[in-house]
Amino acid sequence: MEALTNERRVEGYAWMTLTRAFDDTMVAMWKQGRGLGGAFSQRGHEAISVAAGMALGPDDVVAPMHRDLGTYLVRGMTPDRIFGNLLGRSTGPTRGRDANLHGIGDLDLGIIGFISHIPQALPTTLGVAMAFKMRRQPRVALTTVGDGGYTSGATHETLNMASLYQAPFVLIIEDNKYAYSTPLDQQMRSARFAEKVAAYDIPSVRVDGNDFGAVYDAVSVAVDRAREGGGPTVVEADTMRMLGHAIHDGAEYVPRELLESWERRDPVRAMRSRLADEGILTEDQLGAIDRTAHDKIQSAVAIAEAAPLPDPATLSDGVYA
Amino acid sequence: MEALTNERRVEGYAWMTLTRAFDDTMVAMWKQGRGLGGAFSQRGHEAISVAAGMALGPDDVVAPMHRDLGTYLVRGMTPDRIFGNLLGRSTGPTRGRDANLHGIGDLDLGIIGFISHIPQALPTTLGVAMAFKMRRQPRVALTTVGDGGYTSGATHETLNMASLYQAPFVLIIEDNKYAYSTPLDQQMRSARFAEKVAAYDIPSVRVDGNDFGAVYDAVSVAVDRAREGGGPTVVEADTMRMLGHAIHDGAEYVPRELLESWERRDPVRAMRSRLADEGILTEDQLGAIDRTAHDKIQSAVAIAEAAPLPDPATLSDGVYA
Amino acid sequence: MSENFGFSDVEASSGRFLTYLEAIAEAIAQEMKRDPDVLVLGEDVGGDFGGAFKVTRGLAERFGDERVLNTPIAELGFTGMANGMALMGLRPIVEMQFADFISSAFDSIVQFAATAHYRWGGAIPWVIRAPSDGGIRSGPFHSQNPEAWFVHTPGLKVVAPSTPADAKGLLTSAIRDDNPVIFFEAKPLYRSIRGHVPEGEHLVALGEAATVREGDDVTIITYGSMVHLAMQAADAVADVGVKIVDLRTLKPLDTEAILEAARATGKVIVLHAANRNAGVGAEVAALIAEEAFEFLDGPIIRIGGADTPVPFSPPLEDAYRPSVADIADALKTLAAY
Amino acid sequence: MSENFGFSDVEASSGRFLTYLEAIAEAIAQEMKRDPDVLVLGEDVGGDFGGAFKVTRGLAERFGDERVLNTPIAELGFTGMANGMALMGLRPIVEMQFADFISSAFDSIVQFAATAHYRWGGAIPWVIRAPSDGGIRSGPFHSQNPEAWFVHTPGLKVVAPSTPADAKGLLTSAIRDDNPVIFFEAKPLYRSIRGHVPEGEHLVALGEAATVREGDDVTIITYGSMVHLAMQAADAVADVGVKIVDLRTLKPLDTEAILEAARATGKVIVLHAANRNAGVGAEVAALIAEEAFEFLDGPIIRIGGADTPVPFSPPLEDAYRPSVADIADALKTLAAY
């Protein structure tokens, strides 16, 4: 585990800021009609996705989901490629084949592209972990699932096998209180996920998903355990989906007070003030990071919007390897 | 709950004896080549299947599985009909359409016919329970799953929804140590099922599955709770599959010592000696029960073997309701 | 949207106009009112939200949360639950959030529901509503047309309406049918077409195709959103007399209507949005090649999706999907044959 | 068993004879020896037991438990696990205990494995071995032929060998193929036929049909166990010259071989054990009706299973399943046409 030095925290803040800037810009573009198809805002998940990405080693593999934008960025998928995918450009990782964040895999970056069908990323990621185990490689596979995906059968099958085979597998449960319009209490009788996974004899820990340091430490411990042959771990991240399920969704079903209380816990601002309060960065330095993020995203959008759409003649390319 | 009087215990012994007699005869027939297709012996499961059947009320519905022969008998499916199904006769509950115990449903008897695909009986039975709840009927739905079926995704989805909706649903987990050739320790890291279902906030109890009284009491408590609106319960029955997975399977993979230790706990003999030791029945009376069971099965076989095979002209009858 | 689903009927006919989506919602509400055994279940269907497409909006308020039941993400489990409800005589209407997710419920449909009545007489009177079809830039997992999997599976019924009136009439019949019926809604039509829909009880029998355009030269056999493209192509090729048969029910197929049309024109195009390879159109073409062979005056042309996942980007999806031009070309080819 | 699968080759050819099952086992063992990335996983495949049909018996002892991995009952999960292994370059051979249970793994196959390479270049080099087919009194859930679901799904390959030599050669090619391949084994053939099988490395290319009997009057296009029934029917109708095409690979189809045969005889029977309705035979017939129309001298007759679940009792299953008599009658009808 790489200790969470102040440098790492600053790095984390920069990634979280970039993630937030991407998200804000994407939301604005889609509202302006500059988007294509649907898009998912991950607002509120920055600490989880960035910390998860940073806690992994370069040879580890991750299958991020639809709210894990920060993980893609930390792993080296550039904003212009992701915007390219969102806009159906031939420069996106799926060359216009898959939508929004779906399928933006790149094995060179150790990223698996996910499919809509929840929670398919779980057994897939377990298989990656099993490959590492069988090859005696000190590598770890990580993925995430939402509170909604937790109730799906493949979650149970995967957790049982991950424990049975003691695979180097880490699962982050993103407890963001809703599955689309359905609140936790309409998904399961109780939502103490960390206790639930005891049924699989898998160690788990619950953390404040809006606290970058807490997530980073918890995931790092889990990754180290997996790497050292200690088997799977579940990290339960307590957080909140701050916007609708997707951009078209106004989320009127979410009580405003709930959003306000979580707004006060905004992960990016929280990180920012910590760095300021602890005197690690000056306001100028923080502002510089924010501006850099903003500029990177603007140029990424420009690159993506200028990129060509795929040639229809390529329709059938790549159906088979 | 109907108290377990001595009369009930004698009744239970009679059903267990009938179940065992059916099983012995079936195994012998199949070994002699008088069978058709495959067949599953339930030897060792008599206490569970009979007690479960007896603990249910007349209006309750049950989806017994492939080791629950006793439940079918207690619910009123006659041995000749079941043999008729095993032998592909038009007199079986599936009129020659489904094999062995598969699909021998009869809604007039409150029995749902199961399919091979494990554990499909779970969500189906939950749906039955939900129908009772929605109609405000004081009825209960019960099914069983093996240790193997427990690891399948639909088990998780069903237990979560049964708890979420507080359905009048009872599940018996038949922990008989093997799923086909696969021992418990190759199915899951630990097999404390009662503890596992705490993940769903479902009350559970572990009982000696070879002790008729223990199973009867546990299932009765569960059924009463469900009937009174107390929601689902899981009963974990500790037992052993005494023969192969199916008749063709010699089960060489099962350690002989394990079988011998369980043979000493044979549920039918255990019940018999209790009734004798407690002076509830004399040896003559017990012998009479045994002979009656034997005779009933012999005549059932005769009836079934004399019954006609289905008319090929009926092939397409009943595809649609 | 890449296609104009504008439905001539909107201009043409008179009276009460509803969108395809409104017609579906009306059928559900009317049947729930008529029969207390009818209920709705699925992800996000309940409360004020009323589902991803808002089809069930308002039902919870009117009929209570228990009859408009929100489920966890567990298609296999809640469809299996619907099997049990149906065995007890309830008539669940299961909403798949998108037809693409019906594969997650596969065992509960093709193994249990499809076989229960044949095996032991257990009737399963449910309807699965599956918002299907593409053309609206939704990518590989929100654009699928999986009907062929179910048409091949004995024991199911499969329906795919093309107009608001048929959507209401077929859904009403499906709800009252005692068998498992998969109802494929063409989501590109939800709000893009309006049509006259009878106000009260309206039943369209399952298993009956409709000839929606008469013509003597070439028959187009199709269903769902493609009916509208076929209409446009026929208009575009005015000199060819085009008969259009809207199958409406895909299982059981209206074989008589299919063969009659094939015999009448001797030239046939089979058209659907689903990928062409081993699709429902293959069954229709094979049926004609076997039963109406002597009447054929030309090859049976099939037009369908490419043998690829449904791609997201406009140029790719447009290349994937049958177009008015593809149909018009086939009409000209056959007419000239 | 209701059918005689006795394979003439047993008498005819010379050399080394293996059963269909032995040929499959040999291919697996040879590929595991050759390539350390090849492994086997599934229910009960490991240890001394070696699977429900004993196909993998002895492999655990030879290659270790980790490469012959017993799984819990979790088809969706362990097939999804195979997806991840395959993405890392392993070549898992997944055994479905019976083909009937492949529906439990549906999402992992049709949604993830079939689309990963098209969407983002993730290759999935696994093989699913699925013991399929009936005729052996195993009832609705141990007799299924579900290949049509997968032939309709873009991105998969589907194989169905009819002889021991092809079983070895096609399985070897499937294991080395970089795509997800579903390998349907006709379990009634497992021990009922023997044939000459090359000892060492033996490859049969995917996508190539074989003409297993020459004849000028009628072509039978078929695969799997039905190839043997077609042979018997052809022998029974000696005065008709029967060409028999064994498709061997169902996806991608060898369209050239199909069309060539259809053009050569002008009369075609398409035969399979799977239920006829919207089966693979529909695609074959539709292809011919579109591409070889001018060459047809008679209707394309399809013979397949009834549109019911596969029934258990002998009289019902025999009525369900194509018989030598059914095929012989069709041959006579077409010959006389």
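Read from first to last, the chains carry the letters A, B, C and D; within each, the first residue is number 1.
Criterion: a residue touches a chain if its C-beta (ideal position, glycine included) is under 8 Å from a C-beta of that chain, and two chains touch if they have at least 3 such contacts.
If you're wondering where the values come from, they're calculated on a predicted model, not measured in any experiment.
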Give the chains in contact with both chain A and chain C, ordered by label. B, D
Chain separated most widely from chain D, comparing mean CA positions: A
Separation of mean Cα positions, chain D and chain B [Å, integer]: 36
Chain B-chain C separation of Cα centroids, rounded to whole Å: 41
Just how far, in Å, is the C-alpha centre of chain B from the one of chain A? 46
Touching two or more other chains - residue numbers and ranges from chain A: 94, 97-98, 102-103, 115-117, 151-154, 157, 160, 164, 186-188, 319
Residues of chain D whose C-beta touches two or more other chains: 72, 74, 76-77, 100, 103-104, 107, 111, 115, 118-119, 140-141, 154-155, 306-309
Testing understanding: with touching defined as stated, what is the shape of the graph linking the protein chains, line, ring, star, complete or other? complete
Chain C residues touching chain A - in the complex, by the definition given at the top: 43-44, 46-49, 52, 70, 72-74, 76-77, 97-98, 100-101, 103-104, 137-142, 306-309, 311-316, 318-320
Can you list the residues on chain A that touch chain C in the complex? 36-38, 88-90, 94, 96-100, 102-103, 115-118, 148-149, 151-153, 179-182, 186-188, 252-253, 309-316, 319
Chain B-facing residues of chain C, complex: 39, 66-67, 71-72, 74, 76-90, 107-108, 111-112, 115-125, 154-155, 157, 178-179
Would you mind writing out the residues of chain D in touch with chain C in their complex? 100, 103-104, 106-107, 110-111, 114-115, 118-119, 140-141, 148-149, 151-152, 154-155, 251, 270, 275, 277-283, 285-286, 288-291, 293-294, 296, 298-302, 306-309
Please give the residue numbers of chain B that touch chain A in the complex, ascending. 151-157, 160, 163-164, 166, 186-190, 195-201
